[in-house]
Each structure stands twice: as structure tokens, then as C-alpha cells.
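Paired with subunit B in one complex and with subunit C in the other, subunit A is shared by the two complexes that follow.
Our next item is the complex of A and B:
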């Protein structure tokens, strides 16, 4: 018995030492992955361009707030994480950061004072940034951003998530190897891979999370990469599967969607609106082509954008709606009363204006919050350089009860060729008053 | 501490946190069904006095009588519509040009000529008309027989009976126009109760899409829908 207790005590001490070692040993920061020339100068405009593709503003600029002064709430399963001030203010911003300290933030998620960042900051993606892009971003934030002295809300998560040393343990288990390695022997595909996997950090939302809530894969070589994730209760759709939008659309359709938030099949909503508004609309033709080529490559080549002919199920739905039969159930009746004027009886909307609902990834998503939120709150397209019209869908939350929204969503999810599951009034009640994050992509 | 043990613990923590987040996301629904309308005889007017309200009930009931083949102004709650309109921007002519000159002889295309706003016109006209009815017929308008009420309104419409208190505004024109509006406007404005007027004439309401029915020579089968989403 004595021996047993001694062994148990010994194990406990060992465990504590191990945790202490992980938590309190000096952090080893990722070194620069490239030596730039001593006289390297950031090309004019490159800083802002790189910042846009990295989409720093989507999180670090609050709606109506000063650029990069933080204060935007990021909802996570562990509580609200507030984005921080990354203006060059020396006290509350990052004005005092050296290049090495700045690199540690991007590569290792470690602040100047050694505090670990919550992985809402996509350092798992940014740790593959090229040294040149780190220099370019550093130059931009130090020289081209106005310092703002306002300190926003501080993130305060509940125990145990307020124990930031725990993130170090998490980092140790979760993070992938630093540095980006070209692998395609094709400069376009390699540029696309770098933009999607690293700078654009698409995988942060579009890749599933594993048991410890880490991104399950960080490169296109892994088959789970970009097969869909979740954000704010919404599904971030699969981008690789044979039925996914990027793999059924043509290259031109995918490019138009990224550049303008719309094409002749769909229209952006939710968090992706911010990505279009703050980031993708500014991408160069070459970079858009690279992203499109890479996404199509990892999905098996991509589609040609031709719409499948409606099958018998699809035609049955269209005929039911066109009949305006008073005996129809509540779901299709509500569709006629509320949706049909824009999305039409065949659920195919209008090119560049009203998205198709037949086959729509948001409508058919496993997480139903997206389709419920859009019905309740409406949606507004971002105004982009190539398509300035910020077309909007009105909100229907004031005119439909929870039961009606559920009946409508259930109908749309099973209409035409859609085959997604039912939505309940309880599902709708949980989303009421939850306006979601991206209310106005124009800001 | 093995990696697998660590992951299990972490997963449980994550799950409990996620469950907590989901629970806290349950909020009180913002949507609530509108209360059923109070009966017309218990309705408390926002703008009209009790005597004016009695006049409006009686006069609109003569313009669209309940004895016709559809709902009357009373069933459609037209008086509620007029009361709410006069209590709002329409009553105070909020977006009308109301400065002078006011010339009652001006051609119609020069617009409204009375210095009184619609709410003031109703107030002045009802008082003058009730006085006139009391002198001529021994009782205010609301208490007269339907035949007599019809005769008074007809005289007003024909110009055989003129009201000086409205200072050039046509009270009968205003009353008839507002009664029609209250009969056919969306129920959100207080009239057209239950979309009764729309059902009566076969208007399908605010659905705004009948693309598939263009060229089909058959009545559209679905009943109307209102802006608030009511179905009839």
C-alpha cells in the first residue's frame, strides 16, 4: 500500500513538473525562414496589398471603428474573444514591436510580453508566411497605419480557458510545422497554395476542427483540408467535394464570386461577406487566377459551370409552387408568400442578383443556423470594385413566427434536388435575436 | 501525461464549454404575435373625440355599407384607419406644402389650397356638419336615419351643402378618399381588417410574384397575404 501511494505521489509530481516545464520554460520562437538582403525595401503598395490578402481588417477593424484598432467580438465555443489594437500606438498597439517580436506573433501566436494568443488569431496558418511577407506586413503596420490610442474590450474567458499557459500546451499538440514549401513545380499552383493555405488562411474556417479544436489539416496534400468547417454556428462549406461549389462552378464563376461576392449561381452571405469586402475584391487578376487554379486542382479539376437539368423531384417542386394550390402545405405556401418573387418557382434565382436555392450550400448545410439567420435577418451583398451594387435580401423575422420559419426552412432544404434535414421551431428560437457578426459588409 | 489522455480531457472540456455556449445562446424570442384587435365599439380613438368618432362610424358606414355583397367600412375597420392617419403624419400634413397663398378658386393641379391640415379639416367639418344636422334634422349626424344621412352626404358631395369652416378644403372628398384607402390599404395601417376587402375583390395582396400566371385565363387560386405575413 505504501509503495502504491508512493508511486501515485511520484506520478502526480512528475505530471506537475511536466506541465510546469511546458508552461514556464522559455518559448522557442520560429526563426526567419529566409534571409532578405540587408537593404531590402518594401515595394510601394505591397504592404497594403499583402495586408488585404491576409484579411487583417476583417477581425482587427470593428464595425465603424478606427482601422486596425481592434474591438471586434469573435464568438468562439469558449466565449467571446475581442480582437486587439494592432495600430502602431506604442502603448496599446504594436508600435514597440521589433520585427522578431512581430514575427513571433504571426508564426507562434506569442505576444511581445510572452503571453500566448488565443488561436482565433490564425497563427497556425500564418506560421507558413514567407519572411518577405512578414517584412512587408511589418512595414505596413509600422509606417502606413495611423496609431490609435484606444484600448478596446479585453478578452475574459471563463476558467479554464482564461489560463493562457494552457494555450502553450495546446500549441505544442496542435501546430503544424512552420514555413511554406512549394510542391507543385508550377508557379501558379504554388502561389495559389500559398495564398489559400497561408496568407488567406481559408482553412481556418473551411477545414474541420479535430478533437482538440485544432485545424485538422493545413495543406492541400491532406484530404481533409478545406472539406468544410463551422463558424459562429454556420457551416463553412466544403470547397473540395465533387458537389461543392468550387468543383461544380467554372473557373470564371469561381473567380467572379471571389472578386465580387456574386456570380450567376450564388451570392455571398455571412462571414464570407467580410472576406470578399475586405480581402478578395482587392486580389490581382493573377492572384485570383492562382487561387482558382489551386482550388480546382485539389478538388480534382473543377467543373464547367453547366447546371444539371432538373430531375423529377426538382420538377415536382416547381410544379407544386407554380400551381398556387391552396391545399399545399405551410412550407411551400410560405415560400410563395415570401421567397418566390426573387428566387422563383424553380429555385434558380437570377444571374448575379438572386442566388440559386436549389443545390445551395448554405441552404443544404448540416449546420442550420446559416439558413435560419438569413431568413430571419436578411443579408446584404458587399459593394465591390467590379460590382458596386450592395443588393440586399430583406429580413423576414418580423413577419414569420418560429414555427413558420421552421416550416419554410424545412421546405427549402427538401425542395427541388435539395435533400437536407428538417429545421425545428426550437432551432429558430435559438437564433432569434442573434443578429450574427457580419451585419454590414460595407463598413 | 500521455497525449491521448490529454486529448480526451481536452475534448470533454471543449464539449462542456460548447454545451454551455449553446445553452446561453437561448434567448427570448423577439417575435411576438400581434394582439387581436379590440372590438370597434371598445376602440379608444387616438385622434377623434367621442362625438367625432360617432360621426366617422356613421359616415363611413354610409359610404361603404355593410349591407352590400362584401364587407362594409365597419367590418373592414376603416374608422380605425382614418383615426390613426389623422393622428400621424397625414393628419398634420407633415410633408405637404402648407404655406400661402391659399386660393380655393385655383385649378386642381395647383394642389391643396386650405390653410387647415387634414386633421383640422375633419375637426372643423364634423362640428359644423353636426350643428347643421341638429338645426335641420334635430339631431347630430350619427343619430339620424340612414336615409337622412345619405341625403346629407349627397348634398355635401353635390355642393348643395357647403361648409365654411374647412376654408376651401373639400371635406367630402377627403372623407371618401380616406374611406377607400382604409378599405383597401394593407392591414398594417388599421383598416382592411383580415384583408377582407382584398378577399372580396380577389386581390392576392403583397405576394408580388405571379410570373407563372401570366397568360393563364383562370383566377389565381391562393388567397391574399399582407405585409405582416397574414394569410387569408
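Our next item is the complex of A and C:
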């Protein structure tokens, strides 16, 4: 008994020591990875451009809200995280931040007051930012953004996730080494790697999460990097497997998709719409080329954009739909009545306007929320510089029951050469009234 | 008391085709542009979304996208002796409202005029002699010729994304197109649409008689298309809900599909909806406009100062606003003096229905601009002296829709209701087609627009008054077309045939729908004593007012007007950009 009590007491002491260590050991902040001249001046326009590629606005500007005043809800498995005001307002924004404090936010996820950010802020990716980009972003937010004195919603997660000190432990376990190291001996690929891995933080959605919900990899050298993740119940597609877009589309198709949210194969939906709207449409030709080259490289080479000839299964679906036989099953009948006008009997749509459904990553995703949400709520393309039309698919949730949406989604996921699993009425019911994050990229 | 808004460089009245085009062109000059649209905002989704917009009762019968007479109408009479009465119930023509205007709910027939039509008086005088022109016919040249306008036709066709088959490229006749058309500098941006069976049957019959059928130029996309503004169209699926509807499929060219999203991205562009302009305000000397006064949705009057005023409302409303604002001297039909309101014209149409027991036409498969056409009896193909009329027509056949309420074509003498109507409907739905004549309409001394002496609108402004009737010249034209169409129809051996063409003594009837091709009233020309606008669509009297639209037509062409309206908008925009802005003044 005494032994037992001693062990318990010992564990309590150890625990207290651990808590004390977490609470009182000074936080080690990542030092600058480069020494820039003290009088370094941000080149004109560079601040806004870097902010675009870092895509700060997608999270920190709310639907219809003031730029960078926060207040956008970000759904996480642990609850809703509200983005914060990052305008230079001295009280509710970041106006009082020094450069070192600003760097600590980006590199270490630590606020000026020492509290830890939730990793919804992609500091695991931003910790590889160059010192120059940190300076450029600091200059942008301090000098080029209007201060807004509005304090948005405060994030309040349930216990134990409301204990922010715990993130410190998570950080120890989860974070990768800071700083970006060029590795390709090719300035284009290295620029692409930096943009994808670090500034654009693509891995935050497109890389699977591990057991502690950290990004399983943060560089292309790791084979799990960009092999697909999940966000808000949607799949964030694999970007390097043999069936992935970079490995099946041509470089031009990939570039068009990033620049305008559309190409002759597909059209953007969901969270990626915001990435196109707020970030990628502004990328320079050179940076887009670098991103495309890197994405193609890490997957083994890249596709040539040729569309596979329809196989027997694909032709059978096309023939079934073209027969317009009133006796056909519910799924294909609903397709004819609701989808066929734009996506056609062959499921191949029209170049740049109506996306292909045959082989479509959203349709075939392992997570079915994406295809269900798009059928229920519709989807709208972002208006972009090269393709201003915010083409929209209407919503069908008001006219199709859960059973009908399930039958339709199940049909589309198995039509032509698609081979994804069935969707149930329960799956649909769970998504009803749950549009997730608002998806009007016009804001 | 009107409040005064912050001054803009340009204010545009109306946000349809011409308003959106001028918005784009003038924003590119870096000007601050405000467009005022009296109707609501409209976008493909949600306003035209599938399948809600495919509702014949709501949109085709109850006119969901048209102006409401209680908000805006005019009075109509047929002769100078009649008392005009308000057009209280839409019938003969259907002006639209809202963003996109009538560009939302048209069928999309997009033509260039014949070169001869733009200088019709000169052509008639040179070819047949001035003596063949009836005394009452106020025939005029446009003041701009086809060769000058050609680049602007090309521009509009590329922006709108027109599907068609060229018949004459730089003077070379191209097989399969219209051999009688004026030369184009290049091909259409898109190949023609596929054709329905009625169009193919008509083309075959016409070809057998030695005529030259070609596909109708269509603002319905035949494939995926990106226009010079980066705007996109998807291929038309022949849904059969085109005219009177917004397009659910991004297939019909409209301000929405071809301009608006690109325009909205311009930081120097702003637009306000539910904002009705009451009048153009003039400087004390009456030589320049200072801006416009409009009423907001909340009923407040606002004075919007601007350096340049673009009237881009519907033809009738542009003329109305000019009359209300005191721009130009009102036309007097007795003396022939004055220009404002002069030369109103319409469109002379007719047709023959053909019923075939054994042919399934599947009329629910239709596109607004589907059809095959012959121009063998066009204006430049007719000997006016020999035939006794001035004018011409294209002749066409095609299916736009098979909607059950308004497109139930039945043999003559079928009762309008009851058991026999049901029986005939069952027997004949889907078993008929028609061949139509779409003809010119000349303007006359007593076809004109002015302010009504009696009736006022909800703002207390006098209504516009239309005086219009059919005239013998145009009736002879349509009877001539009947004599050409009926033999084609007979050669196709229908079971039943029925013709409908205006005949001697026909009076204008505002009740049945005819066409929304109202033209003239603020016409363009070379002489300020006979036209309201100069050749650049600039008011002769108030030089910072430019007036877009079919009101500029001195008389109506034999084609649907939108192609000319679009080209004139680009022509005028170019003159504003290159000649007017550097030195604002009367350009002529």
C-alpha cells in the first residue's frame, strides 16, 4: 500500500514538474534565418503579392467583412476556431507587434502575450518562411493595411482543447525543423517547393494528418506529403499519385486551374475556391510555372492532359443515359433530369465551363461530403482576372430528397469509369443544413 | 428636394447590352463610371437557375422578366386623329427591365444589316429613282456605312459569341453561308448550331427551288467559348426555354454571360439597381448636360452630376427621357419639322404554318436561334420599282420551343377550347412547323413618338405617346413574301397549310405579340434638321449626351436589330474614346 501511495505521489510530483516546465520554461522562439540590413525596405507591391501567395485573406477576412479583420469561422474536428484581427489596430489587431513578435507568430505559433495559437494557423508551414518574406509581410500588415478596431468572435473550444498550454506539448511533438533548404539545384523547382511547402502552405489541407493531428510531412522529400487530406468533411485530393491532377493533366491545364479555378477538365469547388479567389489568381506566370513544375516533379513527372478514350463501362453509362428509357433506375433518371443539361450523357461537360464528372476527384473522393454538398448547395466559381465569369451550378437540395441525392450521388460515383462507393440517405441527411464554411468566393 | 451625389465622370442610364458595353469601354479609359438600372439585379444563378426558370406560366405568360405597365408604359394610337390610350397590358412588344434588359430574354438572332440598308434612301434613288419613294415615307440614310461599321460588327459578334456560317468573307462567297450578305472580315466566332428537322425540311425544299439556305446566326453557343473579355459560354442544349426566359445554361449571349462579371471587377465601375432616371439635367444654356436625376428604391430623388451622360435604356425610354429633358426639338408630324420622336418604325412579319400527320417534330427540342434562312428576297435582291414597294425580308424556319400554353399550333378553324380543341391538340401537337417572313418596316410622316397630352406616369411625368400604323408599302412587301413562301410550303406537301400575313386595310393591333423590335424616334443621320443624333450617336444639341440603341435606326432593317445595336455601341464608344474625351465638343 505504501509503495502504491509512493508511486502515486511520485507521479503527481512528476506531473506537477511537467506542468511547471510547460508553464514556466521560457518559450524558445525561432531566430531569424537570415540577416537583412536594418534599413531593408520592402519593394513596392511585394508586400501585397507575398500576402496573396501566403493566402492570409482566405482565413483572416470574413465573408463581406473588412480586410484582415478576422471573424471567419474555421471548422476543425475540435470545434469552431475563429480567425483573428490581423490589421495594425494596436488594441485588437497586431499594431503593437515588433518584428520579432510577428516572426514568432509565423514560425512558432506564439502570440505576443505568449499564448499558443491553434494550429489552424499553418505555422508548421510558415516556420520555413524566409526572413525576407517575414519582413515583407510585416511591412505589409503594418503599413499597407487599414486598422480595424472590431474584435470578432473569440474561439472557445471544449475541454481539454481550450487549454492552450497543451499546444506547447503538441508543438514539441508535431513541428518540423524551421527554415527552408533548397534541394533541387534548380531554381524553378526550389521556388516551386518553397511556394507549395511554405508560403502557400498547400500541405495544410493536402497532406494527411497523423495520430496527433499534425501534418504527416512538410516537404516533398517525404512520400506522404500532398497525398491527400480532409477538410470540413471534404477530401482534399491527392496531388502526387498516378491518378492525381498533376500526374494526369498537362502543365497548361494545371496552370489554368490554379490561375482561374477552371480548365478543360475540371472546376474548383469548396475551400480551394477561396485559395483561387484570394491567392492563386494573383500569382505571377513564373511562380505558377514553378508551382506546376514542382507538383509534377514530386509525383514522378506529370501528365500530358490526354483524355483516356471511354472504356466499355463509360460507353455503357453514356448509352444508358442516351436511351432516355423511362424504366431506368432512379440514379440515372435523376442525372438526366438534373445534371445532363450541362455535364452531358458522356459526363464530360464542356471545356472550361462545365466540369467533367467522369474521373472527377470530387465525385470520386473517399470523403463523400464534397459531392453531397455540391449537389445540395450548388457551387460558384471565383471571378478571376483571366476568367471573370463566376459561373455557378445551382443548388438541388430544395428539390431532391435525401434518398434522391443519395441515389444520384451513388450513380455519378459509379458512372462511366468512376468506381467510388455508394452514398446513403443518412450521409446526405448529415450534410443537410450544413453548408460548412460559406462558399461564395465573390466576397 | 433632390440630394446631390458625388460627381462621376460618366453616368450610364440602363444596364443592358449597350450600357454594359459602354461601361467596359469607358472604364478602360480610367473614367469613374456609374450605371443606373431601374429594374432589379439579375444573375444566372439564382435568377435563371435550373430548373426554376423553365416555367412557361411565370415567365412567358405572366412576363416575369418584363417591365410592369403600372411602373412604366406608353400610350398608343394608330392615326393622328385617334386619341392614344395607355398600353396597360403587355402584348405587341415586351420591353425588359433589370440588369441585362431585353438582352436577358431575347432569342439571340444576331444579324448584320445589308450594306444597302444603311444608305437606303441613296440606294433607292441611285438604283430606282427618287420618284418611287412614296410621298409620306420619310426614308433616310444612316450617316454611317457598312464598311465603317464592319470592325464593330466583328467586335460585337466576338464579345457576344455568335454561332453561324459566313457567306461572304472579304468578297469571297463561302458555300453554305448567305451569299447575299455584305462582306465580313472573318468567320463567325463559332460554327453554326445543329438544326432541327423543320429547318432541314425547309432548307431542302428551298434548295430544290434554287434558293440559298444557310443557318441563322445565333447568340446561342454551339460549343464552349471564351470571349475577348474572358467571359464564357457553354454549349446550348436546346432546352426550349429561350425567348422570354433567362438562360439557365450560360449558353445564350447576354450582358450577364458576356460582360457583367468582367465589368464588376473594374474598380472604377459602380452600378445601382432599382434606380429610375427621371430626366437628364441640362446646363442653363441647354448645350451640355450636368448629370441626371433619379429616384432610388426608397423613393428619394438624387441628382447625379456627371461629365458624360450615356442613354442606354430601351429605345422607347431613351426617346422618352430626351423628350422629357428638352434635348432636341420635338418632331411635328404636320410640318415635318423637329427631330425628337421622328421616324418610329416596327417590323413587318408574317408566316405560313404547315401540318404533317406523319412527321414528329419534337418541338420541345428547340433553341432560340435555331433555324435555316434564305435571303433570296432580301432588300438587295428585289426590284422595288417592279414590285411596287421598298423593303425586303428574310424567310426562315426553325423551332424555338414546344411550350404547351403559347406554342400549341393548331389547324385553322379549330375551336379555342372544349372537346374539339382537345382532340386537335392531341392530333397535332408536335406535327407542325412554320415558315416565317421577318421583314423591314419603313418610317412615315405620321409614325412617330411624342409626349402624351393626357396620361402621366407614377412620377407625374407625361407618358410617351406612340403613333403607328401599317402602311400600304409594307403590306405589299409582306404580301410579296407570302407569294414566295407559299410555293415553298406547297412543295413540301403538308396535310394542311395556313397563312397569316397583313393584308390591305390591316390596322396595328397591340394585343397579340408581334416583336420587340421597336426602332427610331431618336435617329442618327448627317443633318441636325432631320436627325436627333449625329453619326456617332451624339446628340446634335447636347454634345455630352450619347444615345445608344435601336432608337437610332432611321427606319427598320429587315433583320433583328441587336447585331446593329451592338455594333453601333462599339462604334460610338470608339468615337468617345478617341475623339470626344481628348476634346469634348460636338464631333461634327
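FYI, the second predicted complex is superposed on the first by the 437 of 443 C-alpha atoms of A that agree within 3 Å, B and C clash if a C-alpha of one lies under 4 Å from a C-alpha of the other, contacts with A are read in each partner's own complex, and residues count from 1 in each chain.
The criterion applied here is as follows: a residue touches a chain if its C-beta (ideal position, glycine included) is under 8 Å from a C-beta of that chain, and two chains touch if they have at least 3 such contacts.
Here the structure is a predicted model, which is why all the values come from computation and not from measurement.
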Joint occupancy of subunit A by subunit B and subunit C, clash or fit: clash
Could you tell me if A:284 is touching subunit B, subunit C, both of them or neither one (first, second, both, neither)? neither
Kindly classify A:341 by the partners it touches after superposition: subunit B alone (first), subunit C alone (second), both, or neither? both
Is A:307 touching the first partner subunit B, the second partner subunit C, both, or neither of them? neither
Going by the contact rule stated at the top, is it subunit B or subunit C that touches a larger number of residues on subunit A? B
Going by the contact rule set out at the top, does A:161 touch subunit B (first), subunit C (second), both, or neither? first
Touch check for A:380: first (subunit B), second (subunit C), both, or neither? second
So, A:366: does it touch subunit B (first), subunit C (second), both, or neither? neither
First (subunit B), second (subunit C), both or neither touched by A:390: second
With both complexes superposed on chain A, which partner does A:400 reach: first (subunit B), second (subunit C), both or neither? first
Would you tell me the residues on subunit A in contact with subunit B in one complex that are also in contact with subunit C in the other? 338, 341-342, 399
Of all residues in subunit B, which touch subunit A in the complex? 1, 3, 6-7, 10-11, 13-14, 17-18, 21-22, 25-31, 33, 207-209, 211-213, 220-223, 225, 227-229, 231
Okay, in this complex, where on subunit A does subunit B touch? 15, 18-19, 77-79, 160-161, 169-170, 173, 211-213, 233, 321-326, 333, 336-338, 340-342, 344-345, 396-402, 404, 429-430, 432-434
Give the list of subunit A residues in touch with subunit C in this complex. 264, 338, 341-342, 350-354, 378, 380, 383, 385-395, 399
Could you please specify the touching residues of subunit C with respect to subunit A in the complex? 43-46, 49-51, 223-224, 226, 229-235, 237, 239, 248-250, 257, 261-262, 264-265
